[in-house]
Amino acid sequence: MQKITLLINCPDRKGIVTTITHYILQLSGNIVYLDQHVDRQESVFFMRLECEFESSEFSIPEFENQFAAKFKEDYKLTYQLYDALYRPNLALFVSKYDHCLYDLLGRYASGELPVEIPLIISNHRDLEIVAQRFNIPFKYIPVTKETKKQAEAEQIKSIQEHNIDLIVLARYMQIISDDFVANFKHQIINIHHSFLPAFIGAKPYHAAFERGVKIIGATSHYVTADLDEGPIIEQEIVRVSHVHSVQDFILKGRDLEKIVLARAIKAHIEHKVLVYGNKTVIFA
Amino acid sequence: MQKITLLINCPDRKGIVTTITHYILQLSGNIVYLDQHVDRQESVFFMRLECEFESSEFSIPEFENQFAAKFKEDYKLTYQLYDALYRPNLALFVSKYDHCLYDLLGRYASGELPVEIPLIISNHRDLEIVAQRFNIPFKYIPVTKETKKQAEAEQIKSIQEHNIDLIVLARYMQIISDDFVANFKHQIINIHHSFLPAFIGAKPYHAAFERGVKIIGATSHYVTADLDEGPIIEQEIVRVSHVHSVQDFILKGRDLEKIVLARAIKAHIEHKVLVYGNKTVIFA
Amino acid sequence: MQKITLLINCPDRKGIVTTITHYILQLSGNIVYLDQHVDRQESVFFMRLECEFESSEFSIPEFENQFAAKFKEDYKLTYQLYDALYRPNLALFVSKYDHCLYDLLGRYASGELPVEIPLIISNHRDLEIVAQRFNIPFKYIPVTKETKKQAEAEQIKSIQEHNIDLIVLARYMQIISDDFVANFKHQIINIHHSFLPAFIGAKPYHAAFERGVKIIGATSHYVTADLDEGPIIEQEIVRVSHVHSVQDFILKGRDLEKIVLARAIKAHIEHKVLVYGNKTVIFA
Amino acid sequence: MQKITLLINCPDRKGIVTTITHYILQLSGNIVYLDQHVDRQESVFFMRLECEFESSEFSIPEFENQFAAKFKEDYKLTYQLYDALYRPNLALFVSKYDHCLYDLLGRYASGELPVEIPLIISNHRDLEIVAQRFNIPFKYIPVTKETKKQAEAEQIKSIQEHNIDLIVLARYMQIISDDFVANFKHQIINIHHSFLPAFIGAKPYHAAFERGVKIIGATSHYVTADLDEGPIIEQEIVRVSHVHSVQDFILKGRDLEKIVLARAIKAHIEHKVLVYGNKTVIFA
């Protein structure tokens, strides 16, 4: 049995759900998941399908060719097709903060994240011990202003060697260059420790504390060329008050960062995130 | 029986709670509420007391003089003293949006807000009918770029005539001038329809929609010379997703605006808000 | 132009979205909203459609006959068909608490609820003045143990006279008899001031306070023969702590009751609620 | 430098904050934290103090004796005195679910929980590998209906050998006997995977799913002789809808269980939880 996940968006038109589902059905596909949404403002149609194919003759590449041939041009349709049974490879980038790392590795080790984690990359050695606890290869690649280009080249080389599907910046404190990002469109998820678009850049908890907000948040997003400006995947908040110091903001924030990053990663690996413009459609 | 509410802040020092509570006690005051907080970072002490005085000889002005004489200079203490039994006068400023107005008037009519509302001021006539439903005097004061100075003078005159203690901008769409604001330090509460400091200024729901946030919010704050920059009193959020249009953001946001504005007004009239720097201490 | 809202549920089967949408399309209907959900556990399909029909020849009763003839038996399909442009008539039942009443009437008066409110029924006279503020007919029908049967008969007579589509128990304190309920299946919405199924019955805030919960809630649900057991439509919560007295619980709870009741009413009048078993599917 | 944490409750009376703080001050104690609350309904005073003592002559046992002698009887005061610099020993009880275990061990390993974890006890062997990852002694103590008494005796023996201060039931699936509980008053924290008092006992997610709630929760509480009835320490919720299966409830619930258990443990080890009756005062 094979299973595919298909994400589609195209200009809205009459009968499109009918047409596409009928197409799957006549290929003897069994639709086990269908979610669709029409942005009526922009007249754009979005759909996510999970389809099972029993036949041993079914071939995902062939399906893709035929599907694209039939729909891509006529419907001006953009699609992403995934083997739903494939376990993606994640690379985690970390610096010195370990809370997100421990949270992700715990979820991974308990089977909650159906992924492989063949690689942890860091610009410091501090978290090597954490990688060792979980028997994950740790690569120390220091980064300075002068060595950034080479460091990133080395990172990219490792990523390619390990067939990495998703890069997770788990409180990685280095800014990723535009060149690096250009290699991985919608394949880098970052956790920013504020409720974007408030407090972009450095020390957001300190900035939030200064402003005297009553709520702090964390945001996970795809990394783009613009710092903290990429499509938002998930956000979460917690209330704060005058009794909380900056340190309290930071500690409370850490629990937000963990949950927001984890939810974003899960949505991504389940292929429930469709990026459109600078925004995301997150299927249920 | 008389009752006072006393808000205090001063540099922290040993024994201050002891000293002040002892002072009240030896005046035969009964402390029915005490909440205190020390900002250890800045070494600042904050306290709120509610005290009852049975004696017919107790005089609030006299108490104030003696309290100030004893503590103001020696402790470098800032205080605000209120007659806790006094019902404050509110003036509501509105434009065309009526949701906050209806919400506040409903709370007022049902006795939830222990205030008087002698005055509703508006730059449009549309909401006069709402004021009439609740038998509240409505003053139409149109505002244009050219007439702003006179309009504000007229507003101030009405405010003074009615002994207004608190001005509530209930989705009032005109920007208040610095001169106006200067007359009413920490006496003007505004509701801004975003989660500050994100999306300041006009059309915040549209901006939030553009950014693709997954959470929208509303913020109530004291109005200062800087637009949307004043001390935040309360914030609340609600989750949104790709299924929501800008109109949905606006409709969901209205329920936030109502509750956030109401909570801020309640906290203010109960004298639970202490402004320090550009932030607020909100006592329980 | 005519517009219908169609709610459907039936045993899941292949091609059902295709079939139904195709049916609408060949009648020249324009589907402006489609949301569907499959409960894979129970193999049940749910769908909500909003369809516009331009043709002056379109007739909703005819459409219903033909739709039923085609699908009802073959698909073992249950449906609800509504004229989407029809403004439903609401009857509000109240006792002495006025907070939900003021909240609903404010929303109604500001146009937020696209309904008519021809009738407010109460077992006390206290809230007649509120009805008068909003020019809504108020009917005082006292209820005692002995007179309950007659009182309910009088209520039903009024409801029928005014062609009431939805009965809202807005902190109405009398228990509705099974006989009464039997007349109005899924047409009575109640607000219960607890987070069901916790604290059913009387004085839930007191019970919550006794239990020392850290969160209180409110629940809106369809009234059935079993007290507080009907299908839940919406719930909301707020955090509480040791600093809050029972009275604080009650006051905080009132804001929850208002928002939860309003959301439920809106979902119902927009025909976004589908009751299945003792649960609800709430379409987006 | 020595530091104590003092939790106090007694019948409310005039000048009590004054008296106690003055007592500390004249012992040259430096009060670095003070939070107090008066339950005016029951006329009970609660206070939490953190005090530093520089003098090498200061002795915590001596302080306790003198404090008790001075206040215990006259003020009918109940107190708990802790060495604030002491790192408590935790024993974690687990069965087969590993999500809470991984979450706690991650927080412990990253230094977020200032505790020692000398012991993990389980009625299954499955999680031994997790204990090994974190180099924590794992004790397998199977439990059947017949062997329960001996199993608990063995557990208690281990707990005593390791000077355990707090027992954490981290999704431990065995019911603790009354005899066991009697040894550890307010020293056993359990995580129950529902929003108490709803859905006590087994399979709460299934029960929540059946009821069709729109919100699910988790609760941490001290274990008492009555199942799921002990004083609640913390609760948290997440919204659910018809699109969620029981399995989705369970997965979403796991993130709640982790955060609620962690918060409860932190509050406990920071001595911020005061149990009064069957409720808790949680100091800020």
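General observations
Letters are used for the chains, namely A, B, C and D, taken in the order the chains are written, and counting of residues starts over at 1 for each.
The definition used in the following text is that contacts are C-beta pairs under 8 Å (C-beta built on N, C-alpha and C of every residue); 3 or more make two chains touch, one makes a residue touch a chain.
In this text the structure is predicted, and so the values were computed from the model without any measurement.
With respect to chain C, maximal separation of chain centres occurs for D (centres as means of Cα atoms).
Our note on geometry: chain C versus chain D, Cα centroid distance of 42 Å, whole angstroms. Averaged Cα coordinates give chain B a centre that lies 36 Å from the centre of chain C. Residue positions of chain C touching 2 or more other chains: 40, 243. Chain contact topology: the protein chains form a complete graph, every chain touching every other one. Put simply, chain D touches chain A in their complex at residues 98-99, 102-103, 105-107, 109-110, 112, 130, 133-134, 243, 251, 254-255, 259, 262, 284.
Across the interface of their complex, chain C is touched by residues 14-15, 17-18, 21-22, 25, 30-32, 34, 36, 38, 40, 239 of chain A.
Contact residues of chain B toward chain A in the complex are 37, 39-41, 46, 195-199, 211-215, 217, 231-237, 241-243, 245-246, 277-282.
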